[in-house]
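Common to both upcoming complexes is chain A, partnered first by chain B, then by chain C.
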Partner chain A sequence: MRTQNATAYRFLTPYLLIFAIFWIWPIISSFLISFQATRTVPWRFAPTFNWGRLIGDPAFYNALKNTLLILVIQVPVMISLAIVMAVLLNSPLLKARGLYRFAFFAPVVVGEVAYSAVFRLMFSLDFGIINKLLNSVGLTKIDWFSNVTPAMALIMIAVTWRWAGYNAIIILAGLQSIPEDVYEAATLDRVSRVKQFFYITLPLLKPVIVFCAVLSIIGTMQLFTEPFLITERGGPGGGTETLGLLLYRQGFRSLNFGYASAVAYTMAGLAIAITLVQLWLTREPK
Partner chain B sequence: MTSRLQRRLGRSIALHLFLTPLALIWLFPLWMMVVFSTMPDNGIFSPGIELLPHDGFIDNFNNLQRDTNFVGAILISVSVAVTYTILSVLLTSMAGWALARYEFHGKGAVVAIIFGTITLPYAVVLIPQFIMVARDFALANTWIALIVPPLFNSLGVLFMRQAFSMMPAELFDAARVEGVKEWRIFLFVALPLARPMLAALAIILFLASWNNYLWPLLINSQPGAMTAPVALGTLIGLTKVSWGGIMAGAVMLTVPMLIVFVLLQRHFIAGIAAGAVK
Partner chain C sequence: MAAVTLTNVVKRFGVFEVVHGANIDIADGEFVVFVGPSGCGKSTLLRMIAGLEDISGGDIAIGGKVMNDVEAADRGIAMVFQSYALYPHMTVEQNLSFGLRMNGNPKADTERRVKRAAEILRIDELMQRRPKQLSGGQRQRVAIGRAIVREPQVFLFDEPLSNLDAELRVQMRVEISRLHKELGVTMIYVTHDQTEAMTLADRIVVLKAGNVEQIGAPLDLYDDPANRFVAGFIGSPKMNFLKANVVETSNSAAIIELVNHGGARLRKPLSNAFPAVGAEVVLGVRPEHFFEAGEGDCDIPVKADVAEHLGSVSYVYANAGPEELIVEREASRQRASGDHFTVSIKAERSLLFDKAGARIR
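On to the complex of A and B.
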């Protein structure tokens, strides 16, 4: 290929303009805003104004704790479930594969608002179908919305329902790229199915699983709609408030852009750390 | 031999015995969404267990339309999603084409910046985007505000770059020898060849726009300018509201996408699985 600056940039410029205005510049701008006191006009440079407040803010630590708690529990559960789904959907013994695929993959197309509404209704205290079903098998009903532990569990259940199939699609694609003869050789050597899974499938899937984990962690870290709509603005009493919700309240309810930017950059810092860990985990062995 | 067949049969039964309840649990919320959307409010909030659809969808839809102008919001959502998808496919395939098929100054830097920032959370740009669009450009509650800022999404660029770089160079060189202009090669040779990839990309982009919630919630909060998810979201949590109506809205947002999913499953799955191709 010879150098073709003019032609290349004619194709590239429209996208690059949008990319620069609505992605690159905001990344820089957000960083700068986090060092400004934004509740006075004009804004003034005050490096410790937001970051100092963040370090001493119990609301920040509450949101950080909730977000990390959801991350640590929900992501491993969901990824494990997605691996199980993908492996079983890939089994040659499965009949009516299309129906099972539909069941697990359908949530991928369901919008956050629609499914939040359904979950809210299904889990309501007295008339929710879940509590009715619990009651009918002799269990006591659970107050999903007034206590922190069930409310957190509900958020995790909802997110897992919505995203497990999405991850299963990616893992299934990874599974299908493993050559058949690897398993044939193992079967000839009388390696059991379970051992094949742990010693062949999982190691070969590692890059895909790590990719899914990183994608899920970054997604869950910004969790907003579910605690906003299902548990009613992070209720009960901030028990399900996440960093995403704190950013929304500070930025768009209190119009405190500086502080909200500091919260956003905390999320970015965590995301960068997680990405670096991913690169380290999937590095080529030397 | 019999024992091997028996073991195979046993494994097959175990597989279905495990997977069927899991599949039913997974379908349950969607099934209940449909059931709720056909039940009157006093039926939803009654002690009995109802697991089958009734015939109240039209009443619920009328209740929804009374609570908010949902039809208007759907029209906005459809127009925005269609426009966004067309523009985004065009912009990202042009950029992907340039990155895949030309050598130029700054190429390394462009690729590095796209890859280097792809895992940054969207939350980081939310505040500056809002300040820019709402205050500096004064475009809140317009279609431009809904369509243009989300066009920054770079996944499509990487996806199309991948698609174009897998095509053999001879295809395009032959056209060049004939003196065909570069933009014609892109439009009439490269794009038709990339049709399956364009379909996958378009579906994913349309779905993303159709379901987008946070940005439209922030930027288009005026009643007449809301998208359908935002309009529906404003009803959740109100005390005097028809839940049957909300569920009718949820069905209207979800069922068309489920139909598209069933019809175009291959492209859907290709689009999602391609997220993993880096």
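On to the complex of A and C.
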């Protein structure tokens, strides 16, 4: 048994080495870097240099506020939408189910840059189809990119478009694992379709929904592509700058690795904290 | 309480017809079992009565009222599913009361009904558990409890015991019987297990491939089956079927020759139909109707192949040419494998069928 294990570990060594060098070490290293002053060479150990700055940095609070705002609005809207999509996909009345499933899932596999470019076009002030549509129903055009509120809305719409289908597919799998005869029993119990949804489907989907919510929270905490590409680096004027963008700005443009590391750890810590709170709130009653 | 009447009931899935005009009359308070091999349409019939499947043709009436277009919930029935179909996220108590609560039934009445069901089924101790925390038998009780709580006119059971082990099955069988006596309501019970059918039913409906083969009391079906299918399906171990030819007929009997048993002959008195001389027929003999050599009307020698000793009786799987016969022997007359012995058939303890399987009386 022991020799068997040893042999196994020898085969695993290349992977374990790569894992240690490219995963474990950066995680430890960035944690250490967050305690160093990295503005000047050589770097020196200064525990409060970055963390102290973080606590008083208006740019950090702006990015934090934007990230959390997107989180509390976009995630619930998207999950609700995903549930509705999943229920529709699961309906026996639906024809061409495979086609819809593909269509819902497609945004995930579209390249980020391509999708951002399309969104920029669609929402452009003078040529965009969205403003044309608004005009045609008698509403005024919206300058999506120059005002903070529409810009934030745009980010949320884009993220929702991209991930709602993905979540819908996961929820669909959960829906299909609920046995049909439970609904038949409820029908015999004179429970209406709507009540069946709220008293049977939703409670039984809870674990799947929590799973989707956790994934979405982690994703949104790291939100980067959309504010970077669609609203042009968190514009207008930092109005859509997220923690992910702040990290990028500090780490890769100002080359301030210590501060960027501190931001990164804050993001991870917040994601873990919010997830734990969520898991605790939705725990199974004993 | 209510009678259930099926008149020319047909079910089609698309172009595929699976029930071909069933006529079944079930009296108020009767316990009727639908029995038949897998895929014969038992569940489909039951689900049509419940209102879970549309009726493609004919009428289903409950309590004298045609129910074809009545919602499942308004038919006054309750159904127990094979997989129990309990609400997994609710406690036993919530499972029982869910339907009533959703319909705004007065709280005191709901509590009374739940309490009564729990007492009848002895599940009072389990009320706060979830289905996951229950054994198969306990889940089955809860499923039945959920049906009782609805206080239905008709109970429908779809193979409720098939997920239980043998011992529990016997125990629950007795409980369902007791429940029927206690509640006195009409019960329709689907199973493919003829033992369950025999022990539970007031009357059995034997189905085969979407057709009703015969309806009758358990012992009537056992003693006087209408055809070879019913004869083979009811009774365990199965009835033996011996190939035979008609060699002579008179106006009150036919003489047949058992082709696989050295030309042994049997005179079979008949009253209605007389097969032609030379016709191929089949003689049906139940395992317990083989007598000791010389006691019957026709002796055939056999060789014991395997013997199963069950204590009070033994089943001897005996070989005679290409036919294997199952012979029941009292324990005191056991046979060991390899023994040669002779069994005897009595004319009045055997049944004659024509080649197509219809009974010749």
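Note that the second predicted complex is superposed on the first by the 273 of 286 C-alpha atoms of A that agree within 3 Å, B and C clash if a C-alpha of one lies under 4 Å from a C-alpha of the other, contacts with A are read in each partner's own complex, and residues count from 1 in each chain.
Definition applied: a contact is a pair of C-beta atoms (placed from the backbone, for glycine too) under 8 Å apart; a residue touches a chain by one contact, two chains touch by 3 or more.
Quick caveat: nothing in here was measured; it's all calculated off a predicted structure.
By the touch criterion defined above, A:V182 lies against chain C but remains apart from chain B after alignment on the C-alpha atoms of chain A. In the superposition on chain A, A:M152 makes contact with neither chain B nor chain C.
Judged by the touch definition given at the top, the superposed model places A:V75 against neither chain B nor chain C. Legend: residue contacts after superposition of the two complexes on their common chain; A:R190 is shown touching chain C, with no touch to chain B. Of the two partner chains, chain C is the only one that A:L204 touches; chain B does not reach it. Between chain B and chain C, more residues of chain A are touched by B. Once the two complexes are overlaid on the shared chain, A:Q4 sits against chain B while remaining clear of chain C.
In the superposition on chain A, A:S29 contacts chain B only, with no contact to chain C. Counting contacts as defined above, no chain A residue meets chain B in one complex and chain C in the other.
Here chain B touches chain A in the complex through residues 8, 11-12, 15-16, 18-19, 22-24, 26-27, 29-30, 32-33, 36, 44-47, 49, 91-92, 94-95, 97-99, 101-105, 107, 110, 113-114, 117, 119-132, 148-152, 154, 157, 182-183, 186, 207, 210-211, 213-214, 218, 229-230, 232-233, 236-237, 243, 246-247, 249-250, 253-254, 257-258, 260-262, 265, 268-269, 272-273, 275-276, 278, going by the rule given at the top. Within the complex formed with chain C, the chain A residues making contact are 179, 181-182, 184-191, 195, 199-200, 203-204. Chain A contributes residues 1-5, 7-12, 14-16, 18-19, 21-27, 29-30, 33, 85, 88, 91, 93-95, 99-122, 126-127, 129, 132-133, 136, 161, 165-166, 169-170, 172-174, 208, 211-212, 214-215, 218, 221-222, 224-225, 229, 232, 243-244, 247-248, 251-252, 257, 260-261, 264-265, 267-268, 271-272, 274-275 to its touches with chain B in the complex. The part of chain C that touches chain A in the complex is made up of residues 50-52, 72-74, 77-79, 81, 83, 85-89, 98-99, 102-103, 146, 150.
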